[in-house]
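Structure below; questions to follow.
Note that the chains are named A, B, C and D in the order they appear, and that numbering of residues resets to 1 at the start of each chain.
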Amino acid sequence: MKKLINDPKAVVDESVEGFGLAHADLVTVHPDPLFVSRKNAKTGKVGLLSGGGSGHEPLHAGYVGFGMLDAAVPGAVFTSPTPDAIIPATVAANSGAGVVHIVKNYTGDVLNFETAAEMAQAEGIEVRTVLVNDDVAVEDSLYTAGRRGVGGTVLVEKIAGAAAERGDGLDAVAAIGQRVNDNVRTMGVALSACTVPHAGVPSFELAENEIEIGIGIHGEPGRHRIPMENADGITDRLLEPILADLKPAAGDKVLLFVNGMGGTPSSELYIVYRHAVKVLEAAGLGVERSLVGNYITALEMQGCSISVLRLDDEMTALWDAPVHTPALRWGM
Amino acid sequence: MKKLINDPKAVVDESVEGFGLAHADLVTVHPDPLFVSRKNAKTGKVGLLSGGGSGHEPLHAGYVGFGMLDAAVPGAVFTSPTPDAIIPATVAANSGAGVVHIVKNYTGDVLNFETAAEMAQAEGIEVRTVLVNDDVAVEDSLYTAGRRGVGGTVLVEKIAGAAAERGDGLDAVAAIGQRVNDNVRTMGVALSACTVPHAGVPSFELAENEIEIGIGIHGEPGRHRIPMENADGITDRLLEPILADLKPAAGDKVLLFVNGMGGTPSSELYIVYRHAVKVLEAAGLGVERSLVGNYITALEMQGCSISVLRLDDEMTALWDAPVHTPALRWGM
Amino acid sequence: MSDTGTGQGLDAAWAVDWLLRSAAVVADNRVALSELDRAIGDGDHGENLDRGFSAIVAKLDEEEPATPGAAFKMAAMTLMSKVGGAAGPLYGTAFLRAATAVGDADALDPTLLVAALTAARDGVVARGKAEPGEKTMIDAWTPAVDAAAAAAAGGSPADVLLAAAEAAEAGAVATDPLIARKGRASYLGERAIGHRDPGAASSALILRAAADAAVSSGTAGAGA
Amino acid sequence: MSDTGTGQGLDAAWAVDWLLRSAAVVADNRVALSELDRAIGDGDHGENLDRGFSAIVAKLDEEEPATPGAAFKMAAMTLMSKVGGAAGPLYGTAFLRAATAVGDADALDPTLLVAALTAARDGVVARGKAEPGEKTMIDAWTPAVDAAAAAAAGGSPADVLLAAAEAAEAGAVATDPLIARKGRASYLGERAIGHRDPGAASSALILRAAADAAVSSGTAGAGA
């Protein structure tokens, strides 16, 4: 393992400290318990909070700012944050109109956010939770912990964030977040594993000619392993279950999000994007919006995920609305 | 080698095609010979063109757009583009006020851009060239091909691009680009090698506990190999020759650019940034502006570079000026 | 330890000793537990628990719990706030429910011990909704509770915990051939077969620490 | 080939044959040349040249150059526009200067051949500013030009090219112990020692192809 780190135990603290120094105009870093809050949020606005294990940067702290999150709670690498950090972050995100927790559906995240939400509510803060579970790799959610929250999380945060920024109420913000989740499907692939700093060894082993289809964002294994294929073939394999599950109608407008897992050059993401556009257009869909890059990662893993979000006019307008965060910025 | 590609020979064409599809509002891709031009540039504005081997994405095509480049010419991976592409790109970038070529100082780039500039000039287009050579890893430029153009290129393109956008003339745009180059120094480190798609094997070998200090952006070896160190130690080693060469005075204002080589998670870049800020502040410098992320890469190489640019008020204002390109965007 | 007496059952000193022994055994098995988790999860279980139990040790340096229930409650709060992941809230809930079950009793007799173990197990089920056989820590806790209940009739507190520890260990081993239905490992399908559930393994270690502490407390008491 | 006659020297058919043989030898050595470049450069030299010479072969399918000079000019333009990197403009300039040196001569006698080789070498120096001993293609070209000039006195065109090829090969081998002062390899300092310069190696291959074409053209001519 070679990483640009000091003490493996201090990775998250030091990284978030550096992040805070680089983006001091946008965020405040609270060191203990660790959370990140937005500077200059409107008061009276519904607060948006997300969090989860670290290692998925820029998620979530990179999305704190105008038009997106009010607070982010980074846990240890690949480990959900704990209530003692989520609660003060919820307090910071609240300016009187309540707080929406955006939680990825992983057992650890669900349990810790559940506890924190109960305790925050006991302190008088209204909390709503949007559980993101867009990962179609999980085939039979009855016999598993359910579909995981992956790439769609970024889209939920952007669109719900824009709704909060325009002044929607607590239930409305949660509802639009839920609507995004209901209309987005994601599937990922890993070409290589990643190494959790304090573990020091890769999370799994992939042979030189193997790839893992249906990977989550924690280096946990996915649906199955197959021999390496070319980019177009892999793209087909990712899109097929997405379209089978989302069942878009010809003429539907979609947002296509090709996300890098951290160790794949953007040039390769565009090769995937190129073929994905063709497949979607051949299915009669209109690719109205796009996002290509490293937005929700698994440390230095090589691979990508594809998310397809079925858009309606309101979601499109909220997607286009100005956003100014360290990792996503437009319109201002 | 596992990469999200189809035919290794088609990597650049397919990637740029996908890039063009994803950013059709900003750029036009011309397929043969391959170059990328800006949509909706003002006429009468000085044109800005850059190019070089591919594999450094988002450089250069990612910087085509408002306030930055008018055209970019991607060569084969790690191979300079050829005059037959540079010439039509120069024609496309020209709207009557001439074109500035921003060229990284590598023998191949210099020779190919030189040829193209001569031929464009023969066709009546005024061309000025800014040769970027900010890499302090090259110690004795008398006995080498001279300092290489690396991270500083991004800063030259942004600041000269803003000067062109505000209406500066040909010589003025070239002069401000030159001023940025004169005031920026860069030093890089590789933790792992990268693999050129058509080569199929890594460009060099690094042992499990070795790093290469002073790496260029082509996977070519650097100053020397040392045993792995922690992030703070590596940061010290990168900053030392930068400061020794730039010789900033206490009180100077600087821009600090921590750039990822493609395979290093942004969380690690922020750990480097954190320590770099401390070192610069201890040297009495004011870190007024920052940029942290993958902006000039070497495929999937793990590692980073640090650039320090000594700012003056004009450069700061041009840095802050609005920019709207696929890879760099603010203020609009 | 012998100063508080153990005649009526296991006291606060035992509870503290249990937590310290748990911390030691978790530290010793940090890498091994993460290794189990690496095979079918995300490789952090040992690290997570070690962070939590180290924090418990630090807390015990500052304050001395007066009753087993106080010790459990402190452990619950610390695990809940420091461990994270799935295991944090689950172990936290287990200790919290155990604390509630024993109230402010000075010492735990076999009946109270069984009540505490049962409440702990029920707490994990309430939070995690796992059934036996789904390859989770429940597969260590459920046989442990059953064995403890059986041993409580006529056995000493140490007997109860020895039976629980033994059953938990067997339960952990018995997770090897299972397919997981809860937690991260559930995404693996058949590929989870042949691997031990890390949470079941850590539960067995922690219950063994409870038994060891009881045996050593009994010895100390006998020597007084 | 024999239809144009070779009595007065090497004709357009020879030039075409040279280019085709160069393309073949570059294709055969694509991996080996890139391997040399990988050691002290960026690993693309074989790939770059192969791209250029393949394009030359494609061009030759479409049009037949009437003179050696026309063939050189076509090669120059193609290499310039297809190879990229340092080698593209340098080889391009070499062929362009050679084309200028031979003008529209139908066939190249020893004197014209030496003039062409000298002009090619001078073109590379003019563009790349390398001196002998700096571990570049110049270290193959310079001894080749000298040997060709010596052989021209009394020798046949094939003798001139055979001498040039042999000297270029020796020159390429002689780059092994050098430190590079130009091109990418110059960044390596002492680490370049022990590696052959890829451009010198490819120059030797291309000059050997010229000699082979001359020998085969002479044979063909003798048979006519």
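Everything that follows uses one rule, which is that contacts are C-beta pairs under 8 Å (C-beta built on N, C-alpha and C of every residue); 3 or more make two chains touch, one makes a residue touch a chain.
Which protein is which chain? UniProt says A, B = phosphoenolpyruvate--glycerone phosphotransferase; C, D = Dihydroxyacetone kinase subunit L.
Everything numeric here is computed off the predicted structure, so don't read it as measured data.
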Need the most distant chain from chain A, centre defined as the mean of C-alpha atoms. D
Cα centroid separation between chain B and chain D, in whole Å? 34
Indicate the whole-number Å distance between the mean C-alpha point of chain A and the mean C-alpha point of chain D. 56
What is the distance, in whole Å, between the centres of chain A and chain B, each centre taken as the mean of its C-alpha atoms? 29
Multi-chain contacts only, two chains or more: what residues does chain A have there? none
Based on which chains are in contact, what kind of graph results: line, ring, star, complete or other? line
Pairs of chains that touch, anyone? A-B, A-C, B-D
Going by the contact rule set out above, which residues of chain C touch chain A in the complex? 34, 38, 41-44, 47-48, 51, 80-90, 92, 127-128, 181-184, 186-188, 191
Contact footprint of chain A on chain B as seen in their complex: 2-7, 11-12, 14-19, 21-22, 54-55, 57-58, 62, 191-192, 208-209, 211, 228, 230-232, 234, 262-275, 277, 290, 292, 294, 297, 299-300, 302-304, 329-332
Contact footprint of chain D on chain B as seen in their complex: 33, 53, 75-84, 106-108, 111-112, 114-115, 137-138, 143-145, 148, 196, 198-199, 201, 203-204, 216, 218-222
